[in-house]
Structures are given as structure tokens and as C-alpha cells.
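I'd like to ask you about the structure that follows.
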Amino acid sequence: MNGRNQILLLRLAAPILSVLLALAAGALFMFVAGYNPWQVYATLLTFSLGRADSIGSILFYATPLLFAGLAVAVAMKAGILNIGVEGQYLIGAFCAAWVGFSLHGLPGWLHLSLAVAAAMAGSMLWILLPAYLKLYRGVHEVISTILLNYVAFSLLHWLVADVYMDRNQQIPAGLGSPLIRTPLFDPTVAAPKLHGLLGLLGLDVPEYIAVNLFLPLGILLAVGCWFIFRHTPLGYEIAATGQGPLAARNVGIAVNRVRLKTFLLSGAIGGLVGLSHLFGYYDSFDLDFPRNFGFAGIAVALLASNHPLGVIPSALLFGLLQRGGEGIQTFLAVPMELVVILQGIMILCVALTMRWLDRLLLRRERGTGD
Amino acid sequence: MQITPVVEFRGVGKRFAGIAANEDISFTVNKGAVHAVVGENGAGKTTLMNLLAGLHRPDAGSILVRGEPVVFHGPQAAHHAGIGMVHQHFMLVERFTILQNILLSCENSYGLLPQLQARQKLAALCQSLGLALDLDAPVETLPVGLRQRVEIVKLLYRGGDILIFDEPTAVLTPGETAELLELLRSMRRQGKTILYVSHKLSEVLAIADTVSVLRQGRLVGTVAAAETTQEQLVEMMIGRSLTPSADRQTVIAGPLLLELVGVHCRDGRRAKALQGLSLQIRGGEIYGVVGVSGNGQQELAGVVTGAIAPTSGEVKLAGDDIAGMSMPRVRSLGVGLIPEDRDRQGLVGALPVWENLLLGQLRLPKFCRRGILSGAACRNYVAEQVWRFGIRLASLDQPVRSLSGGNRQKVILARELGRQPRVLVASQPVRGLDIGAAEMVHAQLMAARKAGAAVLLISADLDEVLELADRVGILYAGRIVREFRPGELSPVEIGHYMLGGGQAVQSQ
Amino acid sequence: MEGLLELTASALRLGIPVAICALGALWSERSGVINIGMEGMMLTGAFWGAAGAFWYGPTVGILLAVAAGLVMALLHAAVTVSGRVDQIVSGVAINILAYGLNRFFGYRIFNMAASSPDVPGLPEISAGGATLSWIVPFAFGLAGLSWLVLTRTGLGLRLQAVGENPAAADAAGISVPALRYAGVLLGGAFAGLAGAYLSIEHTGMYVEGMTQGKGFIALAALIVGNWNPFGLFGASLLFGLFEAMSFRLVQSQTLPYQFVQMAPYLLTLAVLAGLRGKTRAPAAVGQNWSRDGDE
């Protein structure tokens, strides 16, 4: 096997190795905490892969992670750490929700498209401030995006609980007070489900699992991003800006403009993270809208080495883990938080393995120089 | 005086990633001698000295200090043995004062700093050597020559008596070099042993007692300085005699392509850098700029390429004022750059060779149609350039950082010259390259000159500039203070102007 | 006058956890290691502080919190200094781990993931009608001690050297990894202490997410204070003042309270934005280092 193929093999093996390493570390933790690792992992796997509703769940859980991972990965290519996906997707989801409950009587495809556009616009606006602060004021995007996440939470609380709170709602039987949510969406904005298509492929997914259009949309987006990085000048400029900004500047690449474009692209993708849940599962935007997709996205991107196509299997893996977490909680009474802990461990193990691989390859490269 | 060996290398070898940086090196250094180690860039001189200084351990053979074999587990252990090294790139903390930097190398001082004691001891030390140092000055405010002094005092303060100097004069003016050699002589008188690594043979012969020559990691031989000549040393260093420089072809100067008139600008720290600089370069001309580093060289390159916007003055490219234009714009008008730090400013190390060769050019119509790149067009062009410039590589996809220094520079040359620039700025183009690669780079600069480009050559190597340039400007305090043709001024006079001993002159 | 005293006390109460955390970040960053995981370490300290106080009283709680912070810091140091992983990635992972671990142990210890029962606090000091925790003057002492060690001892000098120019420090015989570990561990210990203060002294119980981003504000305070112990202390107390004033704004009902909640974060951003070019980070901060140069 020649050198190049060896390197390729190593690059593919590394994520697998790091997952195994993470599972081992997780097993150690479980053992110390008093659980039986084999039992836990076995349950996790059989629950996640052995049932038809699990496959559907995995696909559904993976969808937001796909967008989040893509948003983080794209930014990373330019050397930008977009930790603010968390806030961006919530703002984006709210903007989409606004379109969802404010417009009526539109054909479905138009309504959903407008909602998607609103999500991207809102999210891009939200990332504009950190972008400006980094590019023109030298404020590190990690601090600015994290602080803005907190601002987003407060802003959303005000928007949902005060401004757009649905005061005309029917109070559900048994509850004493109204739900804190926006008005209901017009049904035309609901995302088309995939059950028919999956049925054709032989997958019988129960109705209550909301796998929808956003999954193939996400996959298409991943392919689109890959195409940008592989076949367009912008993609190469982004890579150069991320890996060698000084050199990029000296060859006439407008480095700040490239970074801005990357911020906006990442922001736009980030805005879409929550839409699969919003228009697939929920009927309004409320304060219980799921959180933490942003941080999970970081884990997804890392495992994929920031490669747009790699984000797809990576998101599926994390979807699998999440589904498995439900299983171990139900059947073994192991807290679901174990999955979160596993996520954190996985980030570290992936990072360690990749770093180790980088050093290994660097040493080999030095050996082949003239 | 009795001759006692104080350091002995016996069959020393060191490998990095499978490549032998040093192989089977054996020679003896005598106490109180100045022992030079010479060789081309990449011959293994620095590696060998790093072994002695404790930064790495030999893979083969042994090192004896004062007759006893030693194994240093780190620089600290070498310090114990009285060995200290003045590195090519100074090991000083910029933000600290001189005193703080010296205290840093004190032993076992994790407790309260012994400031008073240190000041007294340093005062005595400086006096014995005839030096004057302001101990509370932050190192970052000091010029290069002074910083070197700080490094030397640091070693002596620690009680070093075997001192290693790695290319110490690379950044000094001729005057500062003379001062350094004088300092070395007085240290020799005090009984210190000095190892002097350099590729500047005239200095070596001026100061050394013995010379060891390395070539490609091996020892070629050790000779007494008094018994050898520069030509002999060169032959030992490269295994052949130096090809005589190609006759300069007379090139008829073309139109005025680059003109700077009264340019002022500031540096990264908002201090005044260029202060009314003027020069003119015609097509087909190489204009060399020499000066002590820190007098505006980087800023000069910056205003020509558009990296720095001048605060006043004109920068004209073939008559059009480009001052204040963005870098992409200036570049598109035909300005090329061979940057000073090729790995950080000229290449993206992790990216493949082909991407680096096409860096910044992918939007050109010949590579990109309607937003989509043509892989075939890219590869064909790159393959052609690789062949034309003789770049040695295993694959176009290998990361550019895995190429040797000379080949990396070739990639930059191929990229810049392939654009057929009207103005080429070349900053320290042969730094760190071996003689063969340096010859190639010079040939390419001459070719650019022949093709009608205006070449601005900025270099700290006086010999290089005198050999290549049609005209030379001496840069001092952000201005060209004297212009001359090679041969019109002696090195002493040049050094005089480099230190400000002349008057500012408007270029003719 | 009484209102002013109460405001000052309030500012102190709110700013002290930020200040302690920022001091920890100082030690870490001066040695060259960025620690985004301070938020997670502080939360971990808050949880274990409450747990320890619940079982054995406040003093044990504080010690346990510091120990927990040290453990998380050890992980961060091992991964970044020895494993040379990107420091920010490690910090993000630590935050995720902290969130998960706190919930996990919350279930196991208190049968609740998101909060603990009330816990006893340390005896208080009174000054002119306002009450303060012992930890407040202790924190001031820590700041002074930090300044002393950093600027007047060999340990401080060497640690700073490691954060400015690790190659030079290494050539001088200093162990770069050892000092970086020390810096990061100190950071974790301080973060744990800050968390313990929050849960034991300030609120009297542990609540999930109770730090509300103070760990990140601490990093901002570090920058605003220009990596100087007294500067960052002042910046932290200033932030405490922002927060204290924002509570009073809420009480006076001039703005919807959500905007008042946002104010401290936005103000922090505004201050950071205004600082361009005026502060100076340790030159090698954020960069991993190895003698072979492959970082």
C-alpha cells in the first residue's frame, strides 16, 4: 500500500478509533458509577437498531444535529469557532415560527419556504454582531457568541411570554393556566413527512415519529457544502483563510470578506437547525423548545473532522446515542445524562485521536522531504 | 598554554523522523579556543549544537565534557556543566526587562527574587566586559545587537564557560559584527571556550582557531584556521567549487515601473516606520535595499504590495498611484511578492502543493468557469509549472510543508513568477536555503529582470545584494539615505550609512 | 446612604464569584492555557459544594468543591498540555461534561437532576448593617497574594515566561508542562471555590445553570483587567455592580425584566468592543507547545 493510501486509511480509521476509545472511557465511568457497561451498551445498541420506531427516531434526532454540525464545520474551515449556534438556531426558529403563525392561506410550499427564509435571515442577523466584533474589534468569537446566547434566551423569553403569547388559546383540560407559547401555526406550514418514502424503502416508521422533509434537505445541504469546498474558488479561499491567513492575504485573498461570508453561511445553516422539530413535531413555539443542539453540533463536527459529508454519519451516530439513551433509561433506569457525558467524553477522545494522528502524519511528512 | 580538550564528540548521530541530521561526527574542542563549525544550511550544525546544549539527546555516539561522558536530560543539565547557547532566534521574553530575563535563568529561584544581589553581580560582570546595560529596559524595546548582548550576559551570569553561538552575525551590521568578534576575543582571554557556528567564512577565519566542516550531516574534516582558505572551506562544505557567478547580462532599463515619493507610514505598533522614503525602479532593473533589520524593510514591502496604507506620499505603479489600494487590487495590477517568512507569509503548510501554487488565482477565467473550477485546467497548469521550475515532489497533493526549504521557495517562485508580474518584491529570498537552492533563486530573479520586471530585493545579506543588484539603496530610519552602484562604496562605508552616518538623499 | 451601602454589598456579593473565577483564569492564561471550561468547573464546584455542605457542613462543602474543580482542571490540563488538543475544544467538552455529570450525580445524590435541598452556609460578617460572607475578604486576599507571587517571586516569573515564550522558558531549563499544569489546576481550584460560594453562600442551594454565564464573564473581566490581578478584580466587581443595578431596575419596573437581564451581557460586549488594541494578552496564550515544535 503506498503512502497516500496509507494516509487515507489512517484518516478514515481515526474517527472509528476515537469512537471506540470514547466507548471504552465511557465504560470505565459506568463501571466506577456502579453500572454494568456491557449491559448498558448492549441495551443501547439493541434498542437503537432493533426496532422500526428506533430507526425512525434516529433519523429524526439526527436531523437537527446534521444542520448544527454543518454550521460548526463550515465555520471551522475558516478558523472560526461558532459556539453561538445555540442562540442562532433559537432565534432562527422563532423567526420561522413567526412566519408560521402570522401568515395564513398560503400554499404549503410557499409558506414553508418563507419560514425557512425567515429562519436563515434571523440567524444571519444574530451572527452579524459577533462577526463585526471579531473582524473589526478583535473580540474573540467564542466569548461574544456565548454571551449572545444568554441574550438570546432572555430575548426569546420576552418574545414568547410577553409579546407573542397566545392569549386566545384554549386552556387544555386539567391545566390551571395557559401554556406559555406563541399562537398555533397555520397548518400549511407543516413539514411534509417522509413516512411514505421510507415505507417504499422498506422502513415502517410509526406515525408519531416526525421524520420529515428537513432530513433530505439537510443531506442535500451537506452535499452542497462539500461541493463548495471542492469545486468552487470560495471553498478554497475559505480553507486558505482558515489554515494560513497571512499567506492568504499576501496572495490577494480578501481575508476579512471571506471570513464574513463564512460567518453568514454558518449562521444561515445554523438557523435551520430547529426547523425539523418546529414544523415536524410542534404546533407552536414555546419555552420548552429543545436546547443544546448547538453544543451537540460541535461534537458532531469534530467527529466528522469538519468534513461536510462526514457530518452525515456523525449526526446519525449521535442520533443513535440519543435514542439509545432513552432505551437505557427506560429499561435499565440509567439516567439519560449518561449520553451527555458520553458526548463530552467523545469530544475529548476524538480530539485526542485526531491530534495524535496529525502528529504522526507530520512526522512521516518530515521524513519524505528532500 | 596547555592544550586540554574540554568538549569531545565521538561518533555522534541524531535522526529526526528517519532522516539522519547528524551522522558519526567526531572532533575535539580545546579549552580556551574559538572552534568554528561551518556548513551549508541544513548540514546539521544547529542540530549538533542543540545536542551539546541539552535540547536533544544523541541517538548514537557520545559527548564528553571535560573528559567525562555526559547525557543531558534537558538544557538545565547542560547549564550545570557550564554550557550555554546563544541561539539564532533569541530565547528572550519580549515583555520582560533585561533583569527579568536574566533572573529567569537563575537556578532554584522559585521564591522571592534576589533582585539586589543580581543587580550587583550584573554590574560587575558588565564592567569586566566593557558593556553597558539598562537592566530595567523591556527587551522588546532593544535593538537586535543589544538583545544579543543580553543573551551573552545571561550565559555568563549563569557561570557558563563553554559558550555556543549559532549564526550570531546573521542580523548584525558590519560594525556590530566587529564589536561581537572583539567581545569574543576578550572572553577567550578570560579562558572561555567558544563554539562558533556560521556560514560566513570571512568572519570564521577572522576569529576562529579551529574549523570543523559539516556536509549533509557528516563531518568532512577539522582544520586549523591559520592553515586554510575560504575557497578550501567552501569546497569542503559543498563538495565542489563554487560556480562562478554568471556574467551579468546588460539589460536596457525599461520604463519607470515603481516609484515611491516621500512615503510615510506606521508599523504594527503605530510607531513611525517609513519617514519620507523615495525610490525609483525601472523595468529590467534589480534594486537592492540593505539596512539593519527594523529600519522599515517590512513596511517598504508592505506599501508596495498594498498591505500597509501610507499616511502620506505617493506609491506609483507605472504612473498610477496605488497608495491605499487594497491588496487584492494591487496584486491584480501586477505586483508579486516573495515574502520574508516563506512558511507563514507565503504558503499554507497544511494544504497541498497544487493549492499553494494556485493560491489566490482560482478565480481567473482559465481555471474557473461560471463559478465552478476546472480540475483539469488547474492540474495541467500546476504540472507545467512544477516541471518548469524543477520542483521535486512525490505528488501534487502532498502538503507543501513536507517539501524541503528550497522546493517550498520554488513553489512560491512558480506562483509569483507564473503571473508575470511587472513589479516583484523579494524579501530575504534565500534565507535558510542551501547553496544550490540559493543559486536557483538568484537565477530566477535574474530571469525576472531579463523579462522586464522591476525587482525590489530586500535583504540582510550584503553580499547577495551586491552580487545581484543594478543599484542599491541603504535604508536607515525609514528613508533611503544613500544610493549607489555595487562597487562604488566599501563595506565599511556601507556599514557607516546603515547606522545613520550619512545624510538623507532624494533618489535621482 | 444606606441604599448605597446596600448596593455596594450587593455588587460585592454578585461580583465576587466572577472575581474568583477570573483570578483562576488569570493563573491559567498567564501560563498560556485558555480555559473556556471555567463555567463548567464553576458549576461543578457549585454542585459538589452543595453536596458537601449537605452532608457535612459548609467547610467540607468548600473543600469538596475545590477538589471537584481540581479534577476537572486536571482533565483539561491533561488533554491540552499533554495531549495538545485545541484548548477551546477541550473547554467546550468540559462544559458539556459538567452539565451531564451534575445532572447524573444530582439524580444519584438528591434524586433531582436540577437542584438540591437547602444547605447551611458559613457564619457571616456584618459591616455597617450589610452582611457578607467570609469568602469576600478571602477573595481580596487571594488577589493580593496572586499579585505578589506573580510579580515578585521566581515562580510567578517563570509561569509568566511559559505563557509569553515557552521556547525561551524551555531553553532556560524551565518545565513548560509542569508550570502549565500548575496554572490550569489553580484555575480549576479557584473556579470550584467560586461555584461553592454561589451555592453555599449566595443562594443557599444548588440550582442547575446557576452560574448564568459568570464563567464566561470572568474571561471577559480578565481581558478588561488586562491580565492584571487588581484590574480583573475591579472589572469583576464592576460587572457585579451592573447586575446589582439591573435588579433594582427590575424592581422599579422601568423595562421588561428580560431586557434588564440582557444588559450585563451586552454591556460586557460593549466594553470588550471598546478595548481594541488596548489590552495585551500573554503572547503565547492559546498555543500548545512541544519541544519538537509540532505543537
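The chains carry the letters A, B and C, assigned in the order they are written, with residues numbered from 1 in each.
One rule holds in what follows: a contact is a pair of C-beta atoms (placed from the backbone, for glycine too) under 8 Å apart; a residue touches a chain by one contact, two chains touch by 3 or more.
Just so we're clear, the structure is a prediction, and the values are computed from it rather than from any experiment.
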{"item": "Pairwise touch network: line, ring, star, complete, or other", "value": "complete"}
{"item": "From subunit A, the most remote chain by mean C-alpha position", "value": "B"}
{"item": "Subunit B-subunit C separation of Cα centroids, rounded to whole Å", "value": "44"}
{"item": "Whole-Å gap separating subunit A and subunit B, where each centre is the average of the chain's CA atoms", "value": "47"}
{"item": "Between subunit A and subunit C, centroid-to-centroid distance (C-alpha), Å", "value": "29"}
{"item": "Numbers and ranges of subunit C residues touching at least 2 other chains", "value": "none"}
{"item": "Contacts with two or more other chains, residues of subunit A listed in rising order", "value": "363"}
{"item": "Residues on subunit B engaged by subunit A in the complex (per definition of touch)", "value": "16-19, 305, 307, 326-328, 330-332, 337, 339, 344-351, 355, 359-363, 367-368, 371-373, 375, 392, 394-395, 397-399, 401-404, 406-407, 415"}
{"item": "Sites on subunit C touched by subunit B in the complex", "value": "152-155, 157-158, 160-161, 164-165, 167-174, 280, 283, 291"}
{"item": "Residue ranges of subunit A touching subunit B (in the complex, touch as defined)", "value": "3-4, 231-233, 236-237, 239-240, 243-244, 246-254, 363-370"}
{"item": "Parts of subunit A lying in touch with subunit C, wherever the complex brings them together", "value": "33, 81, 83, 129, 133, 137-139, 142-144, 146-151, 154-155, 157-158, 162, 295, 298-299, 302, 335, 337-341, 343-345, 347-348, 351-352, 355-356, 359, 362-363"}
{"item": "Interfacial residue positions of subunit B with respect to subunit C in the complex", "value": "55, 74-76, 79, 85, 87, 90-96, 100, 103-106, 109-113"}
